[in-house]
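Both complexes below contain chain A, partnered by chain B and then by chain C.
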Partner chain A sequence: MSLTLLQGALLVFVLCCAVGAALLKDTLAAVIAFAAYSLGISIIWLVLQAPDVGLTEAAVGAGIMTILFILALANTVTPETDRLFEPIRWRTVLFVGAFVVALGATVPSLPAIGDPTAPVAGGEITQYYLEHAYKETQVKNAVTAVLAAYRGFDTLGEAVVVFSAGVVALSVLRREVFA
Partner chain B sequence: MSADEEPGLYVESTIIMTTVRVVAPFVLTFALFIMFHGADTPGGGFQGGVIAGSVVMMLAFAYGIDSTRQWLDVRVVAALASGGVLVFAGIGLGAIALGGNFLQYNEYLPYYAKASKYGIELVELGIGGIVAAVAIGLFFLLAAGFGHVVGEGER
Partner chain C sequence: MTVDVLQLDLLTSRYNYYAVVLLLGIGLYMLIESPNLVKKVIGMNIFQTGIFLFFITLAYRTGANPPVVTKGGGPYVSPLPHVLILTAIVVGVSLTAVALALIVRIYSEYGTLDEDTLEELYYD
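Coming up: the complex of A and B.
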């Protein structure tokens, strides 16, 4: 598997941002690093030709989440500190490192990006959607066809989860936000 | 009681207000484009809804969270959220009422030629309404802070 220069640079950027978000002592700096991480990931999705996921990551991960985090920070008190980084706990590093190694060990058995013989690209279900989606649902974006038509019941569930989460958060935490 | 009465959180700035006034209609248009056009291009209700919600957040940053909250009618936000659920569920159940399965869009074909395409777009619009309303609600919720205890003195 070979990386283009763009992919390599994006991966390094995302990795640095992730480590920064985890290690930076100043919470605002960590939030900003996390937003940059989300933005990098969304560009990676775009490079890997998953624009739907990339758009979601950019709007939710880099956009709304950052705003909500910063708002939460504005309502809290941050202790003064002159350290730049959190003290590193080596037991945590060991644990996370083992997790990364375990996940990384599965990477070589993944099919190459864009491999036409990969099970998910050549599989029966994928081919069915690609062939029938436009005829049956009249929408050109197969992702939308699966989301709103073939798996519409699941999507209704997701939408209702978002709705009820919002209702619960608003009613439990503070009722008179809109007073 | 609100967050922007604290000194320092809201600073009136002509540059930000002017920029937001110019940019906001375009962002809202882009959000609706993402929602409507999600059927044919990447996007859809979830993404478009978040972008639509961010328009309100932009306004809040420019004009102050408190005045934006007063300007925005709570009934509009509530109607967006519950209306989205009703539209989605209504389209799904309507297909059952016409003798098909849940969300079987082609049951609407006798009434409208491109029933499936427009059914999906309505569903996306419903999702967009839910997501935008919840994002706006969470934004104001966090901005107001929820650490208040009854009888708490000055913050």
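Coming up: the complex of A and C.
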């Protein structure tokens, strides 16, 4: 797929939001920029034909994550400042720039976006799931079939992670309240 | 001249991968440089989302439908990266929740979220 106007605009939007989140000094402003970023990313998932991921990102990334950040800010402090942006430290920019250039040098060897013969999009495993998912699980949505049936243990592990995160968060915060 | 054409061609056919690289860079910068702990967590999330974009872009196929199998509807995009990223999003939220709980705890103990001030307080 060649670059369309919608794609380009969305990518510019999320990159601007990310830079805003990085440079805004006020943490509440950075959290709001991050929420806008998540929303932009979830629209990108829709454009890339991943509605399940888009829904999850919009609900969890832009929704729950923002609530968590705002709750944390409400219980802590936002730094008082008269500066809008943080100063840029060029030594770190240089280091990150080297990282970006090193990663960017690998991009030309990746397959073009949307290439049907690319290893992932046209691969054997993809074909297997698309052909057998409905026959073997009676679920029409291949993503759900893989998530709940083929890789069910993965999802169980995910549930364990969420549970332990809840336990850890509660135990860390309870000590604060009852100490 | 040929070099310029080649570069432009790379940008129009692999634009998402360049966005991935830039997002990883922004996330890394925030992780290293942001003095505020909350902003470091935001940076971690931006880094993660960059990796998600890499996976979902790999799954994409031109003119394909979402992987909901109906009669004669193909081709479809690959469902497997979508599944991996769904799991990763939920794990990312768990990670953020724990990090923010620790941040609230650090604030109640030390009264600041500034990295340099925390370092001074810790070594005193």
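Definition applied: the second predicted complex is superposed on the first by the 171 of 179 C-alpha atoms of A that agree within 3 Å, B and C clash if a C-alpha of one lies under 4 Å from a C-alpha of the other, contacts with A are read in each partner's own complex, and residues count from 1 in each chain.
By our rule, contacts are C-beta pairs under 8 Å (C-beta built on N, C-alpha and C of every residue); 3 or more make two chains touch, one makes a residue touch a chain.
This one's a predicted model, so the numbers in the text were calculated from it and none came from an experiment.
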item: Which of chain B and chain C A:Thr137 touches, first, second, both or neither; value: first
item: Which superposed partner A:Ile125 touches (first chain B, second chain C, both, neither); value: second
item: Partner chain in contact with A:Asn75 - chain B first, chain C second, else both or neither; value: both
item: Touched partner set for A:Trp45, first chain B, second chain C, both or neither; value: second
item: Chain C versus chain B, contacts on chain A by residue; value: C
item: Contacts of A:Ala165 with chain B and chain C, given as first, second, both or neither; value: both
item: Set intersection of chain A contacts, chain C complex versus chain B complex; value: 51-52, 56, 60, 64, 68, 71-72, 75, 140-141, 143, 145, 147, 155, 162, 165-166, 169-170, 173
item: Residue ranges of chain B in contact with chain A within the complex; value: 3, 9, 34, 38-47, 50-51, 53-54, 57, 69, 72, 74, 77, 81-82, 84-85, 88-89, 92, 102-103, 105-106, 114, 116-117, 120, 123-124, 126-127, 130-131, 133-135, 137-148
item: Residue numbers on chain C that touch chain A, as the complex places them; value: 10-19, 21-30, 32-36, 38-39, 41-43, 45-46, 49, 52-53, 56-70, 74-83, 85-87, 89-98, 100-105, 107-108, 112-114
item: Residue numbers on chain A that touch chain C, as the complex places them; value: 1-3, 7-8, 11, 14-15, 18-19, 21-22, 27, 30-31, 34, 37-38, 41, 44-45, 48-53, 56-57, 60-61, 64-65, 68-69, 71-73, 75-77, 79, 86, 89, 92-93, 95-97, 99-100, 103-104, 107-108, 110, 112-116, 118, 120-123, 125-126, 129-130, 133-134, 140-143, 145-147, 151, 154-155, 158, 161-162, 164-166, 168-170, 172-173, 175-176
item: Footprint of chain B on chain A - complex, ascending; value: 51-52, 54-56, 59-60, 63-64, 67-68, 71-72, 74-75, 136-141, 143-145, 147-149, 152-153, 155-156, 159-160, 162-163, 165-167, 169-170, 173-174, 177-178
